[in-house]
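Chain IDs A, B, C, D, E, F, G, H, I and J follow the sequence of writing; residue 1 opens each chain.
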Amino acid sequence: MSDPRAILETFENQFPGRDYVIEIVCPEFTSVCPMTGQPDFGTLTITYTPDRTCVELKSLKLYLQGFRNEGIFYENVTNRIFDVLMEMLKPRRLKLAAAFTPRGGISTTVTVSHDSAAD
Amino acid sequence: MSDPRAILETFENQFPGRDYVIEIVCPEFTSVCPMTGQPDFGTLTITYTPDRTCVELKSLKLYLQGFRNEGIFYENVTNRIFDVLMEMLKPRRLKLAAAFTPRGGISTTVTVSHDSAAD
Amino acid sequence: MSDPRAILETFENQFPGRDYVIEIVCPEFTSVCPMTGQPDFGTLTITYTPDRTCVELKSLKLYLQGFRNEGIFYENVTNRIFDVLMEMLKPRRLKLAAAFTPRGGISTTVTVSHDSAAD
Amino acid sequence: MSDPRAILETFENQFPGRDYVIEIVCPEFTSVCPMTGQPDFGTLTITYTPDRTCVELKSLKLYLQGFRNEGIFYENVTNRIFDVLMEMLKPRRLKLAAAFTPRGGISTTVTVSHDSAAD
Amino acid sequence: MSDPRAILETFENQFPGRDYVIEIVCPEFTSVCPMTGQPDFGTLTITYTPDRTCVELKSLKLYLQGFRNEGIFYENVTNRIFDVLMEMLKPRRLKLAAAFTPRGGISTTVTVSHDSAAD
Amino acid sequence: MSDPRAILETFENQFPGRDYVIEIVCPEFTSVCPMTGQPDFGTLTITYTPDRTCVELKSLKLYLQGFRNEGIFYENVTNRIFDVLMEMLKPRRLKLAAAFTPRGGISTTVTVSHDSAAD
Amino acid sequence: MSDPRAILETFENQFPGRDYVIEIVCPEFTSVCPMTGQPDFGTLTITYTPDRTCVELKSLKLYLQGFRNEGIFYENVTNRIFDVLMEMLKPRRLKLAAAFTPRGGISTTVTVSHDSAAD
Amino acid sequence: MSDPRAILETFENQFPGRDYVIEIVCPEFTSVCPMTGQPDFGTLTITYTPDRTCVELKSLKLYLQGFRNEGIFYENVTNRIFDVLMEMLKPRRLKLAAAFTPRGGISTTVTVSHDSAAD
Amino acid sequence: MSDPRAILETFENQFPGRDYVIEIVCPEFTSVCPMTGQPDFGTLTITYTPDRTCVELKSLKLYLQGFRNEGIFYENVTNRIFDVLMEMLKPRRLKLAAAFTPRGGISTTVTVSHDSAAD
Amino acid sequence: MSDPRAILETFENQFPGRDYVIEIVCPEFTSVCPMTGQPDFGTLTITYTPDRTCVELKSLKLYLQGFRNEGIFYENVTNRIFDVLMEMLKPRRLKLAAAFTPRGGISTTVTVSHDSAAD
């Protein structure tokens, strides 16, 4: 998989003096289970308060499509995308929830959050 | 687009001694994406506690219709409407949530809030 | 419209030593818009903690029916019913939410609350 | 109606060292309105944190069936069942919500709670 | 029933420096009522913040299947699974909610939680 | 149980020259299981095309309340009410569907129909 | 109540050579029960295939508002509106379904239809 | 698995002169996949018109519970239960629909029907 | 508004020997009411069986966007789009349903269909 | 993409003397748009009456996964899968409905059917 910094684009937050929230829902996320080689499907919900930088939506879509043929576990894919968004956006607050469809009658959601005010 | 002050009408809050909440849901908002020229569609939810001034609903509808052929990004249209409501209503509290329909499998909600008691 | 004190009946709270909550939902509220003369429709939700007095449900229904041919704005009807309930019940807590059906593609909810412990 | 102590059975909480929550939903509650003689219908939701004693479900069902032909007001039936559960279970926390079906276009929910930690 | 330690597998949390949440929903849980011998059915929802250890999903499924022909009460099965997860995962936070289907018109949910920060 | 002819009232169909349909939904039906003595609960849906006679709704409610303490099986109660409506209304078409709530994880609906044009 | 012919307006069907269907849903219908004097509430659904004439929507709204303080039974109001629409529109097909909100735990829908091809 | 004739009980249809329909929904069906040894879960819907014989519900529940530890494919279990009901009830019409929960992201429903009038 | 033939593109049906159905749902349709100048909003559902020609989706979107600032009545816009699709696709079957959002508490759906086999 | 005959497995229908229906829902289908290179997502619903042959579910899943990186139009993928199922199963009846998620605010469903009795 390519370097996310080469795919993800950002733009300058036009309202840096204000705390506001952007929620992005991506119900078409898919990757591959590294154990079974079978595809996984899930919905990613990204909720963040921008500081100086916002993520550009089309480049976000392309970045997430990069996992389409990648073998990676639920916990890892969620934390990896979280790390990339933290590094590129340096947001005041960020939450990433990844809800995967059922496998063997069991469904899983992994949620990672950051709040700079709570540090 | 015309000056919002020429379109939006207000009336005097008849119950200024009381904190109460007015929620207005506008599911028929539409503007134009400045990148692609394609129309955007969304639902605006305005929730505010009036101080001395309330917004008149018919003029609000006409003001929002003014974005129909305007090219403007999600983040900007939400913050601009928020600024106009802040300036004209000077409310005790105001929240504006703009939920846009999916594009490329991704949907976005921008939420801006103000609470004068928290200043 | 008649004096609400002549219509609304109350009964003595049998459990004054206990804080408890009564929620009453009235989805068949209708009044008239004083601007256009057109009927308005809404759902009233009354939530209160009684002190010494409870409202009798049948008389409440008759009181609310008194607005059927009354010309009155959303904000005013909500605050007026709230004032009458405050005066007659003197409740420990009271919340009145009035959710009106869409007009011109826009729907409105007005919510008024009181908490005697927060005074 | 018989003495609830002769009907309701309890068993010893096997996990007294732990705070946990048991929620019981009874959508088939029915009693009789003492004013009109007409049957009332509702859903009872009992949520409690046991201390030393839990309620046995089959005996609870039989106890609630005892109201089937009893004439009793909404507020009274809710508070009476609450009192019986408090006396027999002496729970750390208890909430009883009784949601009755619409009468004359109006529906009512009565909610009573207790939290021993807040005493 | 076999020793859960022989069935449940765990793996090392790759992100121990971060507080994050894993929610696992198992709608196909079934055991047997020890009173009547009749099968019970329920949905288990496990929500935890891992410390050093995560539960492997396939082994969790097999562990839960072990209750299929086990006679055990609602309260006991919930607390027993909670104890096993606490012992094997030593999580920072854990909540287990077990929602059982209606019996005799009554449905029951048992919820157990732990928060190491609140100890 | 009293004779239904003493309870049920009818009125003359004002539009006998026209085929039209009246659907009546009664979600608060309750009777008693003759095997276990336990109460049963269900929703009755009556759909008919009147010929010369319509059923009066308040008397229908009272008639159905007469089963409240009656021990009777699902199939029998549905067919008995159907027979009474056939005899008293002599409708052009009649369908009675009785949907009972789950018992032992199983729910049952009994449906009886008549179409005089198909005789 | 005024003559409906003085209120209802029609316009010429621009596509008389084609069979097509217009469905109009009016969820804000209200009249008065002639027995009790209490307001009734319902949703009218008008489905028709125009021949030479269509009904104008604003005049339809005003015509239906004319029943607001009229005492009239469910069956009669449905058949009367049906007759007026038949007389003024002479449609190829017409169906009117009037679904009223619950009274005494019972809700009623009256449906009248006409199909000129079936005469 | 025992002989179904030793478990299933029937009773005589009290209304053999009338065509009517009994629908039974069993959402708690479970068997075992003969390939993987993993449990399967599904909802059975039985819809039949009795001739001389009706199925007793409690014995039906016990009969279906007999598949709990039986290894059997979706198509086979559906057809086998259908055959047993046909043989024991000899109904005028019978439909059995078995809807199984998702496995590997795929869910399956098998439906078998019989109509003696169509033979 | 431009000539639809200059905007709409088609492509050759690759399976002309087979009857199959394409359903296209467009929930973001908007035009303008010629009476009031106010925007209308609706959902178009196009269902057709192609003969030799299919409609290209992106050009369909652009064609429908051409109504954005067009003043046109519900009945006319539905029939006009239907005529254009009939002329350009010459489909074996075509149905167009246009469901508009409520105005004055009333919502309207216009449905036009064609079946060449029924001519 | 590999030859489907090398992936899809079938098994012999155990009940060839009976007409019955198997419905298979696959909500995790994904392919690639040949115009834009962007992934498409959809739900396939396969409904068939087997003659001598049934499709094995795991091999069906693998066959559908083969489209994951295939560039193919909606109409073509639906018809191609239909052709393969027809050839391999030779079913008495077959329907394949493919419902794709929205693109540019427009969603599409393609449905192909076969009924050997209607030939």
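Assume a contact is a pair of C-beta atoms (placed from the backbone, for glycine too) under 8 Å apart; a residue touches a chain by one contact, two chains touch by 3 or more.
None of the values given here were measured: they were computed from a predicted structure.
A.B. asks: Could you tell me which of D-E, D-G or A-H has an interface matching B-C, in the sense that over half of the contact pairs are shared by residue number?
C.D. replies: Selected pair, repeating B-C: D-E.
A.B. asks: Taking contacts as defined above, which has more of them, D-G or A-B?
C.D. replies: Answer by contact count: A-B.
A.B. asks: If you average the Cα atoms of chain F and of chain I to get two centres, how far apart are those centres in Å?
C.D. replies: Averaging C-alpha atoms per chain gives centres 45 Å apart.
A.B. asks: How many Å are there between the centre of chain H and the centre of chain J, using C-alpha atoms for each centre?
C.D. replies: Whole-Å distance between the two chain centres: 28.
A.B. asks: Which whole number of Å gives the spacing of the CA centres of chain A and chain G?
C.D. replies: 52
A.B. asks: Where in chain C do residues touch two or more other chains at once?
C.D. replies: 27-28, 38, 41, 101, 103-105
A.B. asks: Chain E touches which residues of chain D in the complex?
C.D. replies: Touch list, chain D to chain E: 13-15, 18-28, 54, 57-58, 60-61.
A.B. asks: Please output the residues of chain J touching chain A within their complex, sorted ascending.
C.D. replies: Interface residues on chain J, with respect to chain A: 27-28, 30, 38-39, 41, 65, 68-69, 101.
A.B. asks: Show me the residue ranges of chain I that touch chain C in the complex, using the header's touch definition.
C.D. replies: 38, 41, 101-105
A.B. asks: So in the complex, which bits of chain H are touching chain J?
C.D. replies: For chain H paired with chain J, touching residues are 75-76, 78-79, 103-113.
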